[in-house]
Structure formats: structure tokens, C-alpha cells
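The following blocks contain the structures, represented as C-alpha cells.
Here come two complexes built around subunit A, the first alongside subunit B, the second alongside subunit C.
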Partner chain A sequence: MSSLAAPATLPGSSSPAPASTSASADRSRSVFPWLLLAPFLLLVLVFTIVPLFGATVLSTQQTFGPGTSRFVGLSNFRGVLSDPLFWTAFKNTFVFTLGSVCVQLPLALCFAMLLNQPGIRGKTFFRLILFSPVLVGVVYVAMIFFVLFQKRTGLINQLLAGILPSWDVGFAWLDQYIMLALILATLWQYMGFNMVYFLAALQNVPKELNEAAKMDGANWWKRFRHVTLPAITPVGSFVVLLSIIGSFQVFELPFLLLQGSTGVDNKGLTIVGYLYQTGFQSGDLGYASAIGWTIAIVLAVCAGLQRLLSAGSEVSRGGKVARGGGAK
Partner chain B sequence: MPAPKRESVTMWTFARMHADLYRPEIEAWNDEQTDSSRRVELSLIGVQAMEQRMMSAFLAGLPSADLIEAERRNAARAFAGPLESVGFLDLTPYVERDGIMNRVNAASFKPWTKDGRIFGLPHDVHPMMLAYRADIVEAAGIDVSKIETWDDFVRVMRPLLFKENGERRTDRYLLNIWETQIDLIEAMLLQGGGGVIDASGVPVIDNEANARVISQIALWTSGAEPIAAEVSFWDATGHQLMRDGFVIATFAPDWMCNYWRKEVPQLSGTMKLMPLPAWDKGGRRTSVWGGTMLGIPRTAKDPEKLWQIAKHLYLSRDLAHKLYERGDIVTPVSEFWQDDIYDKPDPFFMGQPKGRMYINLAPQVPDRFSSPFGAIALARTQSAVSQLCKVARDTKATNIDQLMPKAREFLAAAQEDAMRHVNRNVFFADSQKAAEVTP
Partner chain C sequence: MASIRFKNIIKRYENGALAVDDVSFDVADGAFCVLLGPSGCGKSTLLRMLAGLEAITRGDVFVGDARVNDRSPKDRDIAMVFQNYALYPHLSVLDNIAFPLEARGVGRKERRDRAAKVGSSVQLDGLLERKPAELSGGQRQRVALARAIIREPKAFLFDEPLSNLDAKMRQSMRAELRMLHRRLGVTSIYVTHDQEEAMALADQIVVMSAGEVRQIGAPMDVYNAPADRFVAGFVGVPAMNFLEGRVAIDASGVNFVCEGNLLPLPRNWGEALRSHIGTPLTLAVRPTAMRLTQSGVGMSLRVRGAELLGDQMDLHTLGPGNTPVVARVSSRVDVREGDTIRVSCDPIGTHIFQQGPFGLRVCGNWSETSNAEPSVASAFAAT
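And then the complex of A and B:
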């Protein structure tokens, strides 16, 4: 600390500081930021870098019980890619992701636009209502939806039987349509969360642009398509990426809804569920690690695509603005 | 600050009833000990949490509790790998030295045995019977003594599926079993002479006995005239359906009696027990569901002292009686089976001598084997059952012969899939080769 407090040498000073003092100050200046960063770097090293390295090593090993492992090269990855159950899990997870992104995000945007309309009363109340399911733990969400989708006593079947007299109250939603149940449960829980992102983005859309478009005769759809949507695209693509990552990691909800099983004909098996099954139920941590890396690679590709698309749309918007500017 | 040095013995259990039972015994044991290192501290830990702690300690080679009471599925995970990597201490020398094998029901050791070595002291036998709504059955004038096989069961009980005007009831089924209840499916496979794991720990899913059992289950649950339905054992909805008589009969290992006594006391005086109907005349009249062992981790210090505590808890007559009185669980110590306590009439089951009925079936309890591939084998078998149920629904099947070819096909696929995991396991392949070489 004392080196920072030392007075700087003025140009043309008759008594220049000795070279050794200057070098020491430089050294301190270069070391000090690292000292400040050290706690964070240490945490990252211990809890991110080392586990990542460990997981990489583990994915090339076969484990079988405590203290037993052997190097198997890329055999775990070959096993994963030729494992029909992995592809079943991948397909299920993909369907869930598609359902979550394609249903949840448009709905979240719709609600955000509704709540962004001027003159709507009770906005705060509705925001709270729509956002509050996020505050409910996944375990409770699973319990609520487990009761709702019960065979004979569940509200869904009772309601449908009330509307359609021929409806079979014994219909097994969780056996036949587990992915639909998962998508609905996730929609209920996270729609409000995504709505808040869109709401923040919508509030940052310059009003002048919308007003100018209106004066130019643009209808609602054209204003949405050419003004609002481009303005919220960066936030939108970020929300899409977050949803994809979150959806690919789904585990707790199907695990709890299906009470630890993977459902009829593995319809509720997700990738992370399969990772758990192989790693923690069968004790093959190497194989589980290979599954984990496979998900990581898929998600990295998704993130890369998102960045490419975002960059593309930025360039395209930038080009349009430049061309528009030139026309003026 | 360094952690204080632990002197007493720590023990983990996952079941509240077990903890309630052991606490007074442990207090009495502790009072007798002059050496503080022989005092026992008991912790009740959730089953999942205990498994995670146990496996983390085993994988890291770190100490856990000194005594671990583990449920069958959890314990099986610790049996993966070569013998020297099993997290529990090999108790075979102690069991042989103290002549425990002669005192305890042989089948009760099987789930805790790997390659002929015993890693746990058995807590129970868990024979299974069928509990039925005697109030409904007797009111209909049905005589259950005529039931010997599952075919008899369906034939004799069938009138209960219909109203007086001949219309089929939608609010009553004969049996509580469904396609995703893998514990029950496994119990039925074992009763039928099948099972999913053999003595060497290898999946043996694809066989005639299993095909027959799963075909029957598919026919019962999903055929043209289903007789079975789902009534969850563990939630209020299921309890209400039980009270409503939605299913006439349900599977009842001994521990289930205690669960009903506590969770659905309204069933008291409405139910009776009967041995499971056999798959063939003269066949096995029981099966098994659940199981617990007491093990000593390999890292524990002073195994001899821990072995003495384990014996005190699991092999004492007094505790065996309390286990039955408070937990309805029959001890695996066969020398206590003649005790009068098991002949007491149980008012919950309309005065039946429940303990004696379970003990009479105990010697028939099928062997079952632990394997790290057990979870995979069961999961694949369950998939085969689901596929077969779909076929039964789609084809409106009326007899098991229609389903048998498909059952074999689905079981063969399940076997192939499970074996893919076994075959890619280099350690398992090594141990199998070693077993072939060693006579």
C-alpha cells in the first residue's frame, strides 16, 4: 500500500527517484490488481477450472464403485452417441425445449406488451401476479401439478369430465403426456420471469420511433414488426438462449412429477435425468461425465449460433441505419 | 479451529420408526458403557441424503458414520466394483465366527451378499401377502379359502367388478398394481420364478417366467377387461381410494401393515390378509418388497466393537419383539419365530394372527441379488411392461397367450440394452473372467 502513496516523480525534477524505487513501484502496480483479483480467481480456480478439468479427465475414464477407475479414451463418448436411451432423452429434452421456447416466450412477450400499454390500471398488481410463480420452489410446483394431473381425483380430469361427459376421469396425463404436463408447469412458473425481461426491453424502445412510424401511417403490426421487434431483439435473443439452456438442464420437475421414475416408455427421461441415472444410480461417473460434456457442447453450439445471429442482426440493423442516414 | 475429536460411535438410519425403536435401546446401551468410545450417537437422515453422504464418503475414501443402516437400493450402489472397492466392511468372517448364518433366515442375507461375501447384517425378511377388503368380500359371500392361484383370484373375486344389475362398475377393481410401479412388478417377477438380476449380478431380464408375469400384468391393467388399477400407496388420494374400496386387494409386505396403521387408521377392522395367490398350483405363495441392512464402513475404526453394537441391535430377542410390536416387522432371526408374540390376534386385520401368517411364509421368500446394474435392469424391464401394456390396450387383449410373443420381444430388447451397459464395463468383464478361471 505504501508504494501507492509514494509521490510521483515530476518531469524535470532535479532529484530523480532511484531506478530501483521506480521498478519496485511498477512491480507493485502490476501485482496489486492481481492481489485484488486473487480471491475471485481462487474461487474460480477451485470451483470452476479444477472441476472442469476433473470432469474432462473423468469423461475419459470408466468408474465402477468407490476408488475404481480406468482410462478408456473416447469410449464413453462413443457409447453415449450410440446409446438409444441417450437419444430418447435428447429427443424428449428437445421437445420440452421447443415447447418451452415456442409457447412460453411468445406468451411472455404478449403479456409484456399488454402491460406496457399506457392507461392500463393495476399494472403493478398484474405484474406481481404473473411474476409470483417464479418465487415458488420447483418442489412445490411439482406437487401442485402432480395433484392437478392425478388420474381420478385431479382437477384437470374432473374439469374435463364436467365439460365432456364422455371424458375418462382415469386418464393418465402423467403417463401419456408427461412432456405436455412439464411444458405447462414450466409455462406457469417461468412465463412471468421472461415477461419481466421483455417488459424492461419494451420500456427502452424509443417512443419517438413509434410515434414517427405512426405519423408515417404504419399500422400496429408494422410498428411491432419494424420498430419494436428490432429494438427488443438483443434482449429477446438473450431470453431465448437462457430458456434453451434452462430447458436442456431440466431435471427436478420430471424427477418429482414422476416420483423418481422416467415414466411410461421413458417419455419423461431427460438428458440430465439420464446423467443422474447413469452417474448416481448405476455409479458410472465417467459415462455421466461424457453425457454432461455432450450437453455442454450442444449448449455451446446454441450460444455460438445465438451470438452469430445477434451479430448478424446488429450488422443488418447497422447497415439499414447507415443507408437510411445516407438517404437523408 | 480443528474439529473436536470424536470419541463415540455414530450411526445413521433413514427410517423414523427404526430410530424411535433404537433410541431407548441405545440409551440403555450407553448407560452400561464405562468406555466413552463405545457410546453410540444415532442420527436420523432422509434416505436420499444418506445415500449421497454415504456414497460421497465411499468415493472419496473418507470416514462417514461408523454404522450405516441402508435401504436395499442405496446399499446396492455401494456394492459396485471389485470386492476390494466396496465401501462396506466384509462381515463374512464375523458372521461365520459367531454362527450367525444358522440363526438368521438365509434369504435375508442375499441382498447384502456380493461374490459370496456378506457386507451387511439383515434387518428383516419382508414376506409379502395380499391385504383385501374383507368387509366387501365377505358381504358378497366370497370365500377366499378357495383361492390358490392368480387365476382363482380373478375368477372368485370377479363378481365384485359388477353391480347388481350386471353393469360393470367403474369405481372398483380387484387388484392394486399398475405398469409404472416397478417395486410391485419386481415382486411379482420374483414370485413367478423370474427376476431381473442373477446371483452373479448380471441382468437376466429375458426369460419365459418374466414374460408370463408381465403378460399377466399387462392383461390385468390394460387388457380388454382390466381388473387392476392404480392406487398410490404414499399419498392422501391413494389413501382415500383405499378407504372407498376402489381396489379390493393390495400387496402387503409386513412393513406396509405399520404404514397403514399410522396413515390410514380408518382401514382398521375392514381388511384381512391372505397369502399371495401362486402362479401355479403348489407354487410360491409370497414374495418380497423392501429391505434394510446394517453395515460397517470399511474406514471405520475398531470393527470388532461396532460388530458387537450391530449384533446387540439386530440380534436381540427384546428388540426383535419391539420391532414387531411397534413396526409390524418380522425379525430375520429365525430362532425367535416360535415366540408367542407373533400369535397375537391383530384387531387391525380383524383379529388375524398376522405375525404367524407372515412367519409361515418367510421360508418361501425368494432370493434376490444386489447388483450395480439392478437399477438399469429394472428400468428397462419397466419399459418393456409399458410397451406391452400399450399392445394390450391397442389390441384389446383377452388372454396372455396373445401377449407372450410381444412380451418376449420387448424383454429381449430390454435385456440387450441392459447388457450393453454391462458389456462396456471393463471391470465387470475382468471380474467375470476371473470368476471363470477360479474354480
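And then the complex of A and C:
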């Protein structure tokens, strides 16, 4: 029998931990994290929690300017739900949201997929070009598109007339089709931003999966459906949610494009625009708060749906089991 | 089934890096060929070029008689099993196996029936409705195998398929792969850096280093007669011991002179070594060829430590010129750190190479030494 020790050095025994720690050290250890968090918590308290609480209280009151108010219970909410102007604003906002999500996001995904192709030259340049509009302030975007969408002299009408001879250069983008104009303007501004999200997601699609699918004989569509789409779904659903939230909050762009008005037949009235109108122009902050809470509830439902969808896709990929270490 | 032929394959990347340098060899129809080499030696690149996943800079690849350089991966009639399994995470095991048939437009019922049959053949019964994340590593690898089998391809390609498995599972999957190959008889090319895996699986081993083929042969030929020092050092566990020195031939016989030590060599190696007298050479000895000896003959080694392996142990020692030398001996031997031991070397497992990392073999191996005088051939006497 060999009496020789193994050559590998055994880990040396470490010195024993101190038997006790002083109570003051314990206290400072428990206080220190809160000290670090304090500035953030203070800001959240002052600018989020207190206003949220205030808005909740306000939504149950009828106000006549900031000074006068009376408790009305839930009648502000009943009023909002039976208000035809609210529903016009809701319809307009919904159309804008639908347009933004259904046009902007697929286009963003297409550009991301194009830029994700191997061997594309000038990727960084194109990424910068497509992303840069998001750096432009909304006021400037409104100014640019106000000029572009003008009847007869606007570049967009001129361009379309050049391409389609039958196009009417007097096409009233800002009067009759303000939501379409808004969709196009936000498409220009935010498409590149969303593209960056998709590009990041696409770069995480396992290369081997795509190669396996290629060897299995899958065409482009099958590879997209079975490899790319499942892999980018978590990011995709997050981008959809962000886009819905952003679209429901649209205010500055129509406000500036329509120069403070709500457009012909309120075609440019959005929910936040209506909230602004009732709260800060008519002075009924209680009613405006009820509108605000209604938007919040709609967005919470959307977020809940997104969570459900994400959870569903995770389960379908077995993600929950995978985190548990995999069944044998 | 089909033979595979690589003809003067070169792969140079855009940055100028040469991954594969003029590689040519054939894999016979139905053979199990293992591409063996360290990371970055070009073995996976070669496999990917055969699969059509990597462009070939120069040269030709043939599957059967057909040159497939310009064919897309799906048109090469080759199936590949990847290191990370590459299973579609949102599809069930059954749908994963059936995917190649779906991609080729086979009807739902037929593809599910065939997938169930193939799944059953690799012991996946009862797991067919699970998602890949619900399976163990070994089960996932079986799904990947089944997905390859269902296509009934001309050849299977394996890119380090067992690397992600634990040692026990790797061993069991190795045996299963070997049995599967015997059953199906499909030409297989298998990439690994694990020489034990290569020895266990291969009919033919292709040892690669720095983009070049260093040796092609049957596993035992590569083990017993390594073509150069790189192959000698790479194939075999523990790795061979190398001692630098020169050969001297005189009336007393053929000797290897190393740091003042005179190590006798088999007399019949003299002819092969005559032209190398005076030039620097490398003596290579497998640790398994080291024999502890009580007599005065043999090489003196100072023991630094040991690794117990059960019945045997590896003694880590310092040889002539403080060269690290490993000797595998019985674990019943009583040896302590700091002891000096004497070992003789079995000529089976002893070779002479030219110097340098890729120095060619000058002589050695059991067939060349079969006529050697045992008394001389079995011992190096330390001076």
C-alpha cells in the first residue's frame, strides 16, 4: 500500500471566524444600505408615491381650479366612461397605438434582421443613421413634420405626386389624416430605437440552432418561425409593451403638430391630450385624474397580458423546468 | 451511405488566419472517422466545411462521387449533431425529431410515426411529449441523434457531441454511439479533443494540429507508432515523457545520452539511428511502459508526488536534467515523496523522435523491436 501523499496541495485550513460581532457593527451594516438607497427612495416618495396618492384622492373629487373641490365618489369615473369625447380620444389613441405597433415594430424587426446578416458592410453607419432620429427632440420632430405634411408645398405630398401622378398634392394630412401623420412621424423617430432592441435579441439567437435548421432543410420562413421568433419573443413582447405604453401617452407631437388644437372634428384628440384639456384648461383636476387612472388601468391590463404571454412562451420552451435543473 | 473525400482543403479567414492548411484524406464508406486535436487545430472548421456551414477557400469536398463544395447544407445529404444539441426549445421531443421531415414537406402523420419509431430506437419512449428543457443532457443528446437518424443521411457529422455531459454519461453515450454506428453502418465523422473518446470510437483517427494533418491511421497504429512528437504527446493518458539527448553507437551497443546519463537502447535500432549520431534527438517513453526495478539497472527518478487511481498510481518524478517524468505503477508499491526510484522501460511504448514540437519519429514501436534482446531492450541503466 502506498503511503505517499497526493501531490496536489490540500487547501490550507483558514483561520476561524471571529466568535462574535459587535452589536454596533451589526447596526451599521443594516443601516448602511438604507443610507445608500435614501436619495432614490426620497425622490420616489416625493415625485411618485405622493402624487399617486394625490391623484387617487383627486379622482374622487370634483374640482374647480386648484382651490375648490368636493367629494363625488366614483362619479368622475362614471363620467369618463360615458363621455363621448373620452371615447373619441380613446379611439384616436387606440388607432395610433395599433398603427405604431403593427407598422413600426415589424419594420424595426425587418431592419434589425437585415443588419444582422453576416457580411453586411457599414453596419455601424446604418445603425447610427436609423437610431439617430430618437436623439431629436419632439419639438423639432413636430416642426419638421409640420413642414413636411403641408398641403401642396409639403415635401411628402410633392414626393407622392412625383411617384403617383394621380396623387392630390392638396392631401390634408394634418386635417383629415392626423393619426396617419402621427404614425409616420413616430415611425421615423422611434423605428431605429426599437430596431436596436431587436438587433440585440437577434444577436442572442443561438447560431447552432440556425445551422441545425439549415442542415435539416428548413427554408427561411421555417427558420424564422422555429428558431428566430421563439428566441426573440421575450424581447419582442417587452418592446410591444413599451410601444403600447408610449403610444397611449402620446401628447406632445399632436399638440405641437396641431398647434394646440385637437384637429378637425377632434381627429387629433388623444387621451393624454384630453386629460390636459380637462385638467389644465378647464381646471377640473378631479376629472383629469380619473382619466389618468383609466389610462393606468388600461396599461396595467396590457402589462398583465404581456406577462401572461411571456410566461406562456417560457413554459412552452420549458424555461421553468430548465431553471429547476432539468428533469431526468 | 457514402465515402467522404477531402482534397487539398484550405481555409483562410478574411483576417488572413489560416485555419486549415492543405488537408487531404479519405473516409471509407461506413467508417467511423475521428478528427482529433487540441482546440483551434482546425478540426471543427474542417467538419463545418464538409457540412456546408463554412465556405472553403480552396480544395474540394466529395460525398460519394459528388463534389459538394457548391451545394447548400440541406442538399449535401449529411446530418450533424452539435455540441450544444441545437434542439428547438419550443418544440416537443417528437416534433424536434420530426423537424427535418417537416422541413421537407412530409405529411404530419407519417413524420410523427417515423419520429416515434426513431425516438424509440434511441430509448426516448415516454419522453416524446416533453420539451428539451425537461430532459437531462444525455436525453437531449439522444434527441439530437434521433433527429439526425430520421433523415437517413449518407453521413453523420458529430461536433464534440459529448463535451457537455458528465464523465459517467459520456462513457455510456460513447458506447451507445459505437453500437448505433455498428447498427446503422453510416459513414461518421466525429470531432473531439478527447483522445480517449477517439480511441474508443474510431475506425480511423485523423490527428490534427495547427490546421495540418499530423497522422492518419487506426487507433492502435496511432497509439503504438505516433508519426511525430506532437502525436506522441497528444495521444495517450497520461502523456508521454520526453527526454532530450543524443544517440551514441559504440562497441557496448546503442545508447541514448541524456544529461550525462547513458541509456541503452535496443541493438536493432542502431541502423535507423546511425544517420542521427550526434544530432539532438528526443526519447519518448509512455508512463505505462515504466517498470519499477530493484536491481542496479534503470533510470533514477526523484519522486515529487503521486496520484492514486485505484489499482494503479501515477508517480510524478524528476528525471535526468530535472525533466518531469511520470511513471504509472501499481498502487501497492510503498513509495514516499523524496524517495529515489529506479525504473526500466518496456520497449513497447518507447520511441525516438527528431527534436522540435513536430519532430518525426526515427524509430521505436513494438514491431521494430520485436527481435530485440529482452535484457537490453527492457532496461535503461542509469550512470
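By our rule, the second predicted complex is superposed on the first by the 276 of 328 C-alpha atoms of A that agree within 3 Å, B and C clash if a C-alpha of one lies under 4 Å from a C-alpha of the other, contacts with A are read in each partner's own complex, and residues count from 1 in each chain.
The rule is simple: a contact is a pair of C-beta atoms (placed from the backbone, for glycine too) under 8 Å apart; a residue touches a chain by one contact, two chains touch by 3 or more.
Computed from a predicted structure; not experimentally measured.
Contact with subunit C, but none with subunit B, is seen for A:Val227 once the two complexes are overlaid on the shared chain.
Once the two complexes are overlaid on the shared chain, A:Pro206 sits against subunit C while remaining clear of subunit B. In the superposition on chain A, contact is made by A:Gln62 with subunit B only, not with subunit C.
By the touch criterion stated above, A:Asp216 is placed in contact with subunit C alone, subunit B being left untouched. Applying the stated contact rule after C-alpha superposition, one finds that A:Pro84 touches subunit B and leaves subunit C untouched. When the shared chain is aligned, subunit B comes close enough to touch A:Asp175, but subunit C does not.
Of the two partner chains placed around the shared chain by superposition, subunit B is the only one that A:Ser282 touches, whereas subunit C remains out of contact. Looking at subunit A, you'll find no residue that touches subunit B in one structure and subunit C in the other.
Listed in rising order, the residues of subunit C touching subunit A in the complex are 51-53, 72-74, 78-80, 82-84, 86, 88-91, 99-100, 102-104, 130-137, 139, 147, 151, 303-308, 313, 315-316, 331-337. Every residue of subunit A that touches subunit C in the complex is listed here, in rising order: 1-8, 206, 208-209, 211-219, 222, 226-227, 230, 313, 316-319, 321-322, 326-328. By the touch criterion stated above, subunit A contacts subunit B in their complex at residues 62, 64-68, 70, 72, 75, 79, 83-85, 147, 150-153, 170, 172, 175, 258, 261-266, 277, 280-284.
Contacts from subunit B toward subunit A in the complex involve residues 55, 58-59, 61, 77-82, 85-87, 170, 179-180, 182, 229-230, 237, 240-241, 246, 372-373, 375-376, 379, 382-383, 386-387, 389-390, 417, 420-421, 424-428.
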